[in-house]
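Data first, discussion second: the structure below is written as structure tokens.
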Amino acid sequence: MARVVAAKENAAVSDVLILTTGGTIDKLYFDALSTYQIGESVVDRVLRTAQVKLPYRVAEVLRKDSLELTDDDRALIAQTVADAPERRVIITHGTDTMTHTAQALAGLRGKTIVLVGALAPARFAESDATFNLGMALATAQVAAPGVWIAMNGTIFDGLRVRKDRAANAFVAVD
Amino acid sequence: MARVVAAKENAAVSDVLILTTGGTIDKLYFDALSTYQIGESVVDRVLRTAQVKLPYRVAEVLRKDSLELTDDDRALIAQTVADAPERRVIITHGTDTMTHTAQALAGLRGKTIVLVGALAPARFAESDATFNLGMALATAQVAAPGVWIAMNGTIFDGLRVRKDRAANAFVAVD
Amino acid sequence: MARVVAAKENAAVSDVLILTTGGTIDKLYFDALSTYQIGESVVDRVLRTAQVKLPYRVAEVLRKDSLELTDDDRALIAQTVADAPERRVIITHGTDTMTHTAQALAGLRGKTIVLVGALAPARFAESDATFNLGMALATAQVAAPGVWIAMNGTIFDGLRVRKDRAANAFVAVD
Amino acid sequence: MARVVAAKENAAVSDVLILTTGGTIDKLYFDALSTYQIGESVVDRVLRTAQVKLPYRVAEVLRKDSLELTDDDRALIAQTVADAPERRVIITHGTDTMTHTAQALAGLRGKTIVLVGALAPARFAESDATFNLGMALATAQVAAPGVWIAMNGTIFDGLRVRKDRAANAFVAVD
């Protein structure tokens, strides 16, 4: 009930902030080097293709593999979320340490924070990136304050989930 | 708080039912006829590409342009939702009369129902279909019981939204 | 032998002219009308994605379903080819009457003309359009003067081919 | 003239052999390893999407980055081409040493051989792979016997071309 009202208000007034930090979702491929690098974020292009009318803002915080993120990087992400005027924040992030960053954000109050990434680069024809960003944008609007992870078609409590590297999938933990 | 617990449970146990009824999202193009028709639903392919691990079930109810849906068709959709064991139901639907069907589902209690479609066929390289299905699957997990519409990057109260045909976009109404 | 030399020269000096006339290859889909129309040609975007370095020029002659092409339209296409400074000309064209236009171009001397289209719109994720344009650009460079049709993975003598509508494919005729 | 006849015969009777050797065109991305590797060839999927009706055969010879190809590997490729019953052969190949392999094939007589690759993996939404394969299939049908390279929208004499790594493009040499 209260939720229904809240969602309608969102549609009218809400801003969502999307912070990009790097990870597979934004990987490019450079043939000249036979290697890959993290490129400019695809978020804006994906949201335009999806004909998103909800007001949103995209800001790049970092451009790193998540295995290379330091404690200072996580502190920077948390501070950026805390300082933002938006109550609803999506963070695109590499999947390997996404749950670590979720822990680092656990102390923030009054914000609905959704961590999201991709198992295949968004620039691939077959990628989970667009679907996952759709999940994240819905969750940012509908979910209660807290830290959430949107991966593998599932909205996880961000503090009770781990990445199973062998299965290359996120799974809930008790 | 209660929501956080609920979501974790979903991840472990929930089933989502996805009913397909037709609409632009599933349009094919036939060159021999120089026409578009509604094909087999793309839902399953989209969810597999998105590496969805949440248990879900897809069932075709209809395969129609939404302008051709009759009162009997809407009664059939409502009955199918009511009879389903799943509490969380996504309905893919043409956009032109999506809000009419939302009204027809308003009486159902205890179900989180998400109507979703696309402004461009999912088979187009540039379509909102995959993003919208991601929004719908997240909303089905996170939102309170009621009828929701997931379009244009926004989760609308399904009873307080209209399609602005000139703008080709959904907008909230008071 | 002579061919090898010729092709090397092409790479260095040749211009290819690409005339667009409409057809399925450039079909858009408009949900607001639940219909489709022929949009701006995708040719330039396809050639940029393919990282084409060969100098080429694109010009729109018509924007029609090929079933709607008149004798005057075909005369206009032929005159445009005849007047062009380029010896190598690609024509994107609807498939239903592509062979009629090939006949109308048969009298032109000293030009390598390649007719090409698509069975599914280029804007679809799964379309033959990009592949077919690749075939056409190669044929324009390598083939002898004459009229060619590049469809279904095959380079046909443009005067000895028909579209089998039941099979939705081009087949050679004796 | 003779060419026109030849092409018609191709359409009716010709076989094209497609040998895959690896390279960027077939690169996959593995998130669990945060790396790219060469996967199963995409050639067959690309040709089916293009609705190719010309009889063809695909065979994997190697699955390597072209920088890792040895003299023995090139001898194996040449022997496979020489032994094949098909007169028309396409070889998918990494771009870095594609011209070396062209030299190794220069001695073969009576075969039209087309080397082709991609600057971006075929699995990317934006790749030159599909277009390049279209160029290769047309060239295999239309070009005279010899060794050809189909890249950057250009059909090069395979013995008079180099890859400009700084520009990430192939250019003709005198």
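Miscellaneous remarks
Letters A, B, C and D name the chains as they come in the text, with residue numbers starting at 1 for each one.
As a convention for this text, a contact is a pair of C-beta atoms (placed from the backbone, for glycine too) under 8 Å apart; a residue touches a chain by one contact, two chains touch by 3 or more.
The structure displayed is predicted, hence computed values, not measured ones.
Between the contact lists of subunit A and subunit B, the overlap is empty.
Across the assembly, the mean Cα position most removed from that of subunit C is the one of A. Between the CA-based centres of subunit C and subunit D the separation comes to 23 Å, rounded to the whole angstrom. Here the CA centre of subunit B is 44 Å from the CA centre of subunit D.
Subunit A and subunit D have Cα centroids lying 39 Å from one another. For subunit D, the set of residues touching two or more other chains reads 119, 125-126.
Counting only pairs that meet the touch rule, the chains in contact are A-B, A-D, B-C, C-D.
Across the interface of their complex, subunit C is touched by residues 24, 27, 29, 31-32, 34, 36, 65, 67, 95-96, 118-121, 123-126, 165-166, 168 of subunit B.
Of all residues in subunit C, those touching subunit D in their complex are 1, 3-4, 7-8, 10-12, 46-47, 49-54, 56, 119, 126-128, 130-139, 141-144, 146, 148, 150, 152-157, 160-161, 169-172.
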